[in-house]
Amino acid sequence: MKRVDLILSERELDAVLKAVDAAGAPGYSVIKHVTGKGPHGWVSDAMDFSGLGANAHVIVFCEAGILPKLREGIQPLLDYYGGVAYVADAEPL
Amino acid sequence: MKRVDLILSERELDAVLKAVDAAGAPGYSVIKHVTGKGPHGWVSDAMDFSGLGANAHVIVFCEAGILPKLREGIQPLLDYYGGVAYVADAEPL
Amino acid sequence: MKRVDLILSERELDAVLKAVDAAGAPGYSVIKHVTGKGPHGWVSDAMDFSGLGANAHVIVFCEAGILPKLREGIQPLLDYYGGVAYVADAEPL
Amino acid sequence: MDSSLILQNLLSPPVLFFFLGVIAVLVGSDLEIPSPLPKLFSLYLLLAIGFKGGLELQHSGLGGQVLPTIGAAVAMSLVVPLYSFLVLKTRFDGFNAAAIAATYGSISAVTFITAESFLETQKLPFDGFMVAALALMESPAIIVGLLLVTLAAPQKRPGAAGMRWGAVLREACLNSSVFLLVGSLVIGLLVAAYSPAGIVKMEPFSDKLFYGALSFFLLDMGIVAAQRIRDLRQAGAFLIAFSVLMPLFNALVGVLLARGLGLGPGNALLFVVLCASASYIAVPAAMRMTVPEANPSLYISSALGVTFPFNIIVGIPLYMVLVNAVLPAAP
Amino acid sequence: MDSSLILQNLLSPPVLFFFLGVIAVLVGSDLEIPSPLPKLFSLYLLLAIGFKGGLELQHSGLGGQVLPTIGAAVAMSLVVPLYSFLVLKTRFDGFNAAAIAATYGSISAVTFITAESFLETQKLPFDGFMVAALALMESPAIIVGLLLVTLAAPQKRPGAAGMRWGAVLREACLNSSVFLLVGSLVIGLLVAAYSPAGIVKMEPFSDKLFYGALSFFLLDMGIVAAQRIRDLRQAGAFLIAFSVLMPLFNALVGVLLARGLGLGPGNALLFVVLCASASYIAVPAAMRMTVPEANPSLYISSALGVTFPFNIIVGIPLYMVLVNAVLPAAP
Amino acid sequence: MDSSLILQNLLSPPVLFFFLGVIAVLVGSDLEIPSPLPKLFSLYLLLAIGFKGGLELQHSGLGGQVLPTIGAAVAMSLVVPLYSFLVLKTRFDGFNAAAIAATYGSISAVTFITAESFLETQKLPFDGFMVAALALMESPAIIVGLLLVTLAAPQKRPGAAGMRWGAVLREACLNSSVFLLVGSLVIGLLVAAYSPAGIVKMEPFSDKLFYGALSFFLLDMGIVAAQRIRDLRQAGAFLIAFSVLMPLFNALVGVLLARGLGLGPGNALLFVVLCASASYIAVPAAMRMTVPEANPSLYISSALGVTFPFNIIVGIPLYMVLVNAVLPAAP
């Protein structure tokens, strides 16, 4: 099994989750209010009141087989809006 | 060393943490207000006001040796109430 | 690529992030309001109103090459104030 | 008079803000009241309603209609789940039938509060002991629900290790909303009796702010209820019909009881609302923990997505009409 | 009179709490108002200002100056981005120029609210329809901004798959602040017309608490604005100058329009403030989603780090002086 | 009179809600006030108490008893940690002794506020300058605590790279609670002097709401304090005894000083409460950062789990009795 970690702006979360669903992942978990720093600079939650939001962290445990479809759906979003996506191995407890 | 990720309903958090402790883990970390989707459907935090709560994400760094006891304590809870548990390798920095 | 997970008190977060930056990491993500248990006992968010805060979880995706510098900057902080740091493998999606 | 009552209710701030929340979801606005702000308002409303109820209960005492009314309310919270279960069992398994039944035996504090606000604009008096009835109807319904589960499906539950009854009873009687409501009621009682200076000093917080805070909270309830509409497809026509017809039936039973108890129109309306409303705060949380086999989207959607809006929008004025029709005319 | 007006404004609680927030950041205090508490106050302020505006609009009706004023306000929100864009295009690429331009065409509800509080302490009347103008200036500016992007840089956008116009329009017209403001305005209108009992009951929440809640929120705005000061170095002298001079220019245009519309001094000040203020709530959120190529720290820092403090601290009393100078003396 | 004062205090809404929170933990209810809602109330209480203190300070000026009283308060915050340290050092290492000592030299704003509410129900006047004393007692105690650490255990600290004194002083003097309290006090002063219109407009927020918000916050404090009870076993009998006896001793010193200063009974009670209370807001946060070697559960549990409840429940009326006994009878 694989573990995929996606970190991206809360504004694009819906689109990314749609792509995760479409790729056939059996489930996912979402942590909001994540702050951070990346190539596009610093993201804080100080502007939260404005609806601008901070980042979200999405965790997906899935079979290696769906990774290509996941990549296909998510990579364009990350390229355009920013964010990172990493894969690692994980086994059911 | 191993890294264990547990994602489950906040309502069952106390029971799961008790099992983690009982298994002899040296520590754990808990993130609440996690939303997500799994075999039992979508979990949001919109009902938070009712005490229904969302999901919690528990991270445990521990020796491989305690995994069997961890599995034994946690698997029945996940089977009955829902939730996922995955293991991966991790080394101290 | 490597994935580094740091869990430590919110009070020391600024110093740790400075060390992460100084080590040349390309970015990082921070989750606050993490509770947990470790060698120093239980950390809850019940004292949040007092500015005491809970723990923070920092995730860094970076090249293996910067690990030594990261270790050098962070280990003294964790030794003095408490907290854990683990490394695992991760590949871009 | 009927349609004017409905219109007056529809055009009151709390109900209009409820609509605004519903519309936000329907048109796809990103309006949301992020967690834990709704919790702030729900804690506040429970504290304030309990405190005010306690103040009034101290004045009215426990004589007269008080104990019979509370007894009748508790009886309803025990009986409604039983006949609801029989109806629901025709379509659902024992777990879901019991969970939904418990939901309808219990009450919705927000519906009750909205009914109080409605009575205030109608200048109809009501008594503090009705809050005691409210507080005492939640736990029995939860316990009946769990008894129904053990009766209907005892053998199929490998995970429920001996049905930890201690935990179950604690959840039923000490869950945060029951606890805060009862606790604030007792505090109100004590303050009214022993430190009247505290009454005036609490008033701007617990009384003056109340209506606005209710309106704000109903904005969120509108959003949350409308988000449940999607789940209703899964629930099916039978459950949707149940969620409207069962409250109407319970209201009918309630109004007859209110007449028998000799309640005035204000208390009678509140009594009917207690019978007709369904819990979406304490009961779902208790059922999620104690009957994980039941599908939460069924019992939450029916109580929050159908019964609650129905009661808030047309139920309350409708029950008022009913009360006026059934109760003997005032002398 | 001039300097006394500025001093009076400087020493009012809301502005002083704004300063306190700024100082907290400058001296390195760890004072912060954690998320989502600022959201609670911003939701509250929008709800309350909309509701009060609706109540007043019901009394004034849509006759007289109402429609021309609203029309002029909307026209300003369409025109300001156009000439702002031309100025900004001399230094920034099309994406950044368009995003900043939209920001200045739109409005800052908090600046407007602070101006209302200023008028109240000056005992100058103003009308509810100005809130309608406020509500209607946000969306057009966003749409003009996006048109400018497509005109200025249509070919360079591989990622903007066909510029999902549906999503863009929804974001422009139904984003949470516009939606809540317009919704509360309509609710205020309906309540004033049909259930006047609700007005008095809402008052402690929507009216009495308003000034204190504004002060508390401005404490946070001071913190957030001061945190932006660091970004200003990145923004550069040109953008800083723009963030002060463009509001002044828009204020001049605004005061002439106000004279032409025959507005009284209270409404005229609010009109000028609408023209002179820049959005840091709805527009950044919309731009982040629809023009990710633009750098948020540019448009947020200029609107929130420069223009907003400028307007709050010296702008409002300055515009009052301007209004008094340009408007014909009252008969 | 004694027991009636204690009863009146016990049965006031703030203390009853504190009890309710304690009971919630003891019986195992899941009642909780989720983060960051308690922060909202603590920020609000500090802002409101500072603002009101500033308004009153402007009227009383800095003459008469003001400066001597403030001086005596600051002196107590310097001296109390010293003798506390000597007592604590008999059982604890230097780090823990210093951290606990600093805690008792500093003050508890919530205890002070509860004492003010108690005085109001007793119709006893008190002055705004006591809030200035409150604000100025926090930082010295922190600094003395850190000096004690460096004196008692300088060589054992490999991690404390040169005791970053800059950071330590900033934490001591600019931590959010001291900063907000002092800032709001100054704002109150300025508003009272220069924009009296602002006083009336702030009142519903900063004054009327105060008592209810205090009650709500004490509900949470009851929960948090009761959760600390478990830690007390770890703390041991010596520390528990210290947490009751040291406040009593400090109260004795305080009442004699109050007599010497010629304070009236209201101010005297507040002075005694400042001496007798222990910090669980600013000091723990500062100690966690600057003396990580000390065990937080020791200094937090003693201040929050023992001294705070003791003061709130029996301390305040007891100190009132003491004040009445020691102060010369009013002419």
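Should a chain be cited, it is by its letter among A, B, C, D, E and F, assigned in written order, with residues numbered from 1 in that chain.
We adopt the following convention: a contact is a pair of C-beta atoms (placed from the backbone, for glycine too) under 8 Å apart; a residue touches a chain by one contact, two chains touch by 3 or more.
Here the structure is a predicted model, which means the values were calculated and not measured.
K.L.:
Show me the overlap between the contact partners of chain A and those of chain F.
P.N.:
The common neighbours are C, E.
K.L.:
Would you mind checking which chain's C-alpha centre is most distant from the centre of chain F?
P.N.:
Max centre-to-centre separation from chain F belongs to A.
K.L.:
Whole-Å distance, chain B centre to chain E centre, using C-alpha means?
P.N.:
45
K.L.:
I'd like to verify one number: the distance from the centre of chain A to the centre of chain D, where each centre is the average of its C-alpha atoms, in whole angstrom.
P.N.:
That pair's centroid distance is 39 Å.
K.L.:
Once you find the CA centre of chain B and the CA centre of chain D, what distance in Å lies between them?
P.N.:
33
K.L.:
Note the residues in chain A that touch 2 or more other chains, in rising order.
P.N.:
Touching at least two other chains: 31, 33, 48, 51, 88-89.
K.L.:
Quick check: what residues of chain D touch more than one other chain, meaning two or more?
P.N.:
If we look for residues of chain D contacting two or more partner chains, we find 30, 34-36, 39-40, 175-176, 204, 208-209.
K.L.:
If I apply the definition of touch given earlier, which pairs of chains qualify?
P.N.:
A-B, A-C, A-E, B-C, B-D, C-F, D-E, D-F, E-F
K.L.:
Which of the residues in chain F end up touching chain C in this complex?
P.N.:
Against chain C, the touching part of chain F is residues 35-36, 38-39, 41-42, 158-160, 175-177, 220, 223-224, 227, 280-282, 284-285, 288-289, 292, 295-297, 300.
K.L.:
Would you pull the chain E residues touching chain F in the complex into a rising list?
P.N.:
7-8, 11-13, 16-17, 20, 23-24, 27-37, 40, 117, 120-121, 204, 208-209, 211-213, 215-216, 219
K.L.:
So in the complex, the part of chain A that touches chain B is made up of which residues?
P.N.:
Touch list, chain A to chain B: 1, 3, 21, 26-33, 59, 61, 88-93.
K.L.:
With touch defined as at the start, can you tell me which chain F residues reach chain E in the complex?
P.N.:
Within the complex, chain F contacts chain E at residues 36, 39-40, 43-44, 47, 51, 170-171, 174-176, 179-180, 183-184, 187, 190-191, 194-195, 197-198, 201-202, 204-206, 208-209.
K.L.:
Can you tell me which positions in chain A touch chain E when the two form their complex?
P.N.:
Chain A reaches chain E through residues 9, 11-12, 33, 41, 44-53, 76, 79-82.
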